[in-house]
């Protein structure tokens, strides 16, 4: 299979869907000629024109609100939010309006829109350009939340998101834009709510979101050399969450660590760990471990920033401790 | 001890602190003559004048941002956010600015401000005036989060919040404003990060935030008549969280249910349950239960709204099931 | 402010239109009287915000729209809803949280919507619908429907930054949207001049948006202006901004009874006695011989009867079944 | 736009001031040249935004302020930081994430702050500091410090609704704040006219705020205006809004190298050749016999040496120790 970058996969997903459905428009800052600062959207305005690829002013709440209205009246807008950190600016339009419209209208109105944004630290971008805020939107009923872990997932999940009739927030890890993966030439969609077992193993389950997949894969390799076989589950969407696949794995391995790049406290690791601990309780041989980003604003200094995110080494060490039956409390 | 309403307790806390410290100002919509729609602040403008009790335009992001700047430069602003649902509007100023300033400046700048807002459904106020959004701010490092469960806590926690040198968000349950509790005439403060054991019991621990205290107390009474003794812990602040008190209780009872009025998924029950499940693992006789609000926007219809929040009956039933060793999965 | 249209003589060929304007206003008043009564008698859950006094605004504008044109509304939204063509029965059911309500009881007064008639919904976030209305205009333009959208909001909503963001985009992109600012002099318990610096009309002009002011108590003046702007918006000459000077008769919400601390009884009495949009328009209709007092009286009675019947229906109607509570969170696949 | 001040003859008694304005501008240019070089040579973590070309704005305004007056800055913040009195050493340490940086390496270029000199910090949220500057003005007024605050922001930030919310409050409450809009013609890769409908200056006038426009390449014109407005703001005549017409020489950030798709090389060359604030002011200083070319040359060399020494120091300086990672999340009790 050909290998393409995550960036290209996103670009292809949008282009394919826009060719198929003329009601799709894309809006955001510097999305047209500039193709975004990450150059993810290069070429789209040339094919679809400025009527469908709309450069907006620097008005995140405003253009998100416009997308909500357009979605309610026949369009399928894709909003490009340049940095995930700007989610804080659009929360009202996203969470008070888009997320609730279908419910509040008793099913009469709907908001088929996609908000594409990013996450991920270690780019030396400091506290307002490095956050992974997916837990916040996952808490709000009415939104779906996708977290692609590779170019393959990025394309398949984004296409599904665009066709979904609900507001979907999709988080791309900005450090993965240049990472390549096998992506079929033929069209495919990845259904929401279906986790993927990335690696089978008998000893411990790693539930890993987005780029934490790479962390889990590297840790699993190291551990494998030591005779420890980790199973890796990528939830792919955290709303809806494929609880069944996760629970089946943990019931088999008896041990689990959840790894996610959002802040650990009140984040995604809490939800997944709590569900495992509750619903696989009688199968657990050790407490469910959690590894999120440190509960600190992301520091600029490289010497500090790298300490704040989960790494393969720290995950492997945590897994060993879990298997040794040691308490595995967060630092 | 005299009994006063939660509303009066809040009013007293602000008045006492404003008398003590001239740098305290209060700002928000209709906070002066009107004393807020809930009349919580009645009388303050008469005592402190419109220079210190500022009526603002309907500009939540704007006046929150102004509070941040004033806090950085010598004032101690209290922001009144009329409904907790409007948090979505101020997230950027609160989470990108206030929460991160101290850290980003390497400790040089600080933001001693309080954002007072509310939570709580069943007032027939529908999806945009009924949310309990404390989990969102709890996820953001740099913010502290207090959740008073009675007039006594409301006063003591608010006074502590006002004196704290960090941004603090305090959630009052709007259904409790008229509820009375014993509040001493003498000054007192309630330290952050100290949970309170509201009721001792040997069989199961209820960790209950804010008004869920009442739910837990009623359930405990019912259960007590059946011979089941529940211990009730009120965390009082969820950031910082007094893990030690919670864990000590669960290590004793071996069973726990966490009750909170935020949406269940990716909410406060997840964090507390996950910590218990991890750190009291070897003491647990049953899975940790979670009861949050249903994962649906709050419906207007009374027939539906009452179904979405935890009730004493449902909590008692869950506790019985836990003690019977039945699986206690969320519906 | 444009000259009063009711100063000019009636055009008999417009009689049907005039009567429809009158009837629509009367319907709103009747709706609100009943809603208020439901609240006062403890039969309505929650609170609600009365539109009485502002009828000429919603009716004058909505009568210039087609069914397919879109509006967005506010917390004070019953008037817009009636004016855009909604039925009493579904409206009262919604206010009472009943299954036959426009939103199956899930929205209530503050979220009432009527998709079939182009009402995208009331909104409980002040200013929160500015993006939605602008987005609907963007959709109309992209889809080539010739549709226009109207964003209703109060003077208080001028405090919200979102409005300026979307007005900028509407101006840049020449969208067919009309921003209708209902200046009823108060936002909750605060006077407009304490909340808004500068001239209201300057707020949109700053973005190069053509701006008008009109007497919001004069339904013909409002309607004439709206007809003109809607037509021009359809031709791509939008966006437009209109300040409509008006007044709310009740408190901010039904529970806001003791309100002399923020506005005087005299002021209220003056508006009701001298500037009532229905009374004044009725007088003109009679003076211009479009209708007799008896005909108008009859019309009022008909409307009142209709409202009463709808209330009775709604009171007896069933609540949604419990299993609807987690329905409509997501669109069924 | 005000008439160029450098068209007028120099006042010899102001020689020290003139030279200080020149020196401050030269310092900013030297700082940025070194920062750019650090990036290009792979020694600087992350990205950064160069202020080169806009020096007269920051210097002209900050020289009108006292140390206690506050400013808020932007992602393009080095110029404001230097102009408000910061030291090269702590600044370069910050850009390199070193412990001796103004923010102990935690902020970096986009969050550089200098509390002691009244710089409340750069901000990586476009428009995000509008509330902070306004709040500082509120504090100054309440505390009676006579302080003034200046909110620096770019033309692109005019897209953010927050600005309009706080300008409204500043106007209502007569706060001593000056909104300084640096119109450098672009927000990232987009021209200002594609992002902003109407006239920029109208945006603040709509709130009744006195508004000025000035040539942002003319440091004397900027400074004269700033002195006047700051003095008036201290007397309670604020707020004010100023549009400063200027230009950035580099790309949006240091990595924005191929940029002809959004602006031409000719345009860049023209500004650099004909409207450089330092060159032109230097010429005037020479023509007016305030300084000789040699003196200015020497000053330039001094500044360059100073910058180089600070860079070397910063490169060799230690990173913060690992245990600082969870320090400063909360104020120590």
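Letters A, B, C and D mark the chains in the order given here, with residues in each chain numbered from 1 onward.
To be clear about the criterion, contacts are C-beta pairs under 8 Å (C-beta built on N, C-alpha and C of every residue); 3 or more make two chains touch, one makes a residue touch a chain.
Source: prediction; values computed, not measured.
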{"item": "More contacts between chains, B-D or B-C", "value": "B-D"}
{"item": "Farthest chain relative to subunit C (centres taken as mean CA coordinates)", "value": "D"}
{"item": "Separation of mean Cα positions, subunit C and subunit B [Å, integer]", "value": "37"}
{"item": "Subunit B-subunit D separation of Cα centroids, rounded to whole Å", "value": "41"}
{"item": "Where subunit A and subunit B are represented by their mean Cα positions, the distance between them in whole Å", "value": "29"}
{"item": "Inter-chain centre distance, subunit C versus subunit D - centres from mean C-alpha coordinates, in Å", "value": "47"}
{"item": "Overlap residues in subunit C, where contacts from two or more other chains coincide", "value": "103-107, 111, 123, 125, 128, 158-162, 165, 168, 172, 194-196, 329"}
{"item": "Residues of subunit B whose C-beta touches two or more other chains", "value": "56-57, 59, 61-62, 85-86, 89, 92, 96, 103-104, 126-128, 141-142, 294-297, 299"}
{"item": "Complex interface listing, subunit A residues touching subunit B", "value": "85-89, 91-92, 94-96, 99-100, 103-104, 126-128, 135-136, 138-142, 238-239, 262-263, 265-271, 273-274, 277-279, 281, 284, 286-290, 294-297, 299, 327-329"}
{"item": "Touching residues (chain side subunit D, partner subunit C) in the complex", "value": "158-165, 167-168, 171-172, 194-199, 202-203, 205-209"}
{"item": "In the complex with subunit D, residue positions of subunit A that touch it", "value": "29-30, 33-34, 37, 55-59, 61-62, 85-86, 89, 123-129, 294-297, 299-304, 307-308"}
{"item": "Subunit B residues touching subunit D - in the complex, by the definition given at the top", "value": "23, 25, 51-52, 54, 56-57, 59, 61-75, 77, 92-93, 96-97, 101-110, 112, 141-142, 144, 165-166"}
{"item": "Complex contact set, residues of subunit C against subunit B", "value": "45-47, 97-98, 103-111, 123-128, 156-161, 187-190, 194-196, 261-262, 319-320, 322, 324-326, 329"}
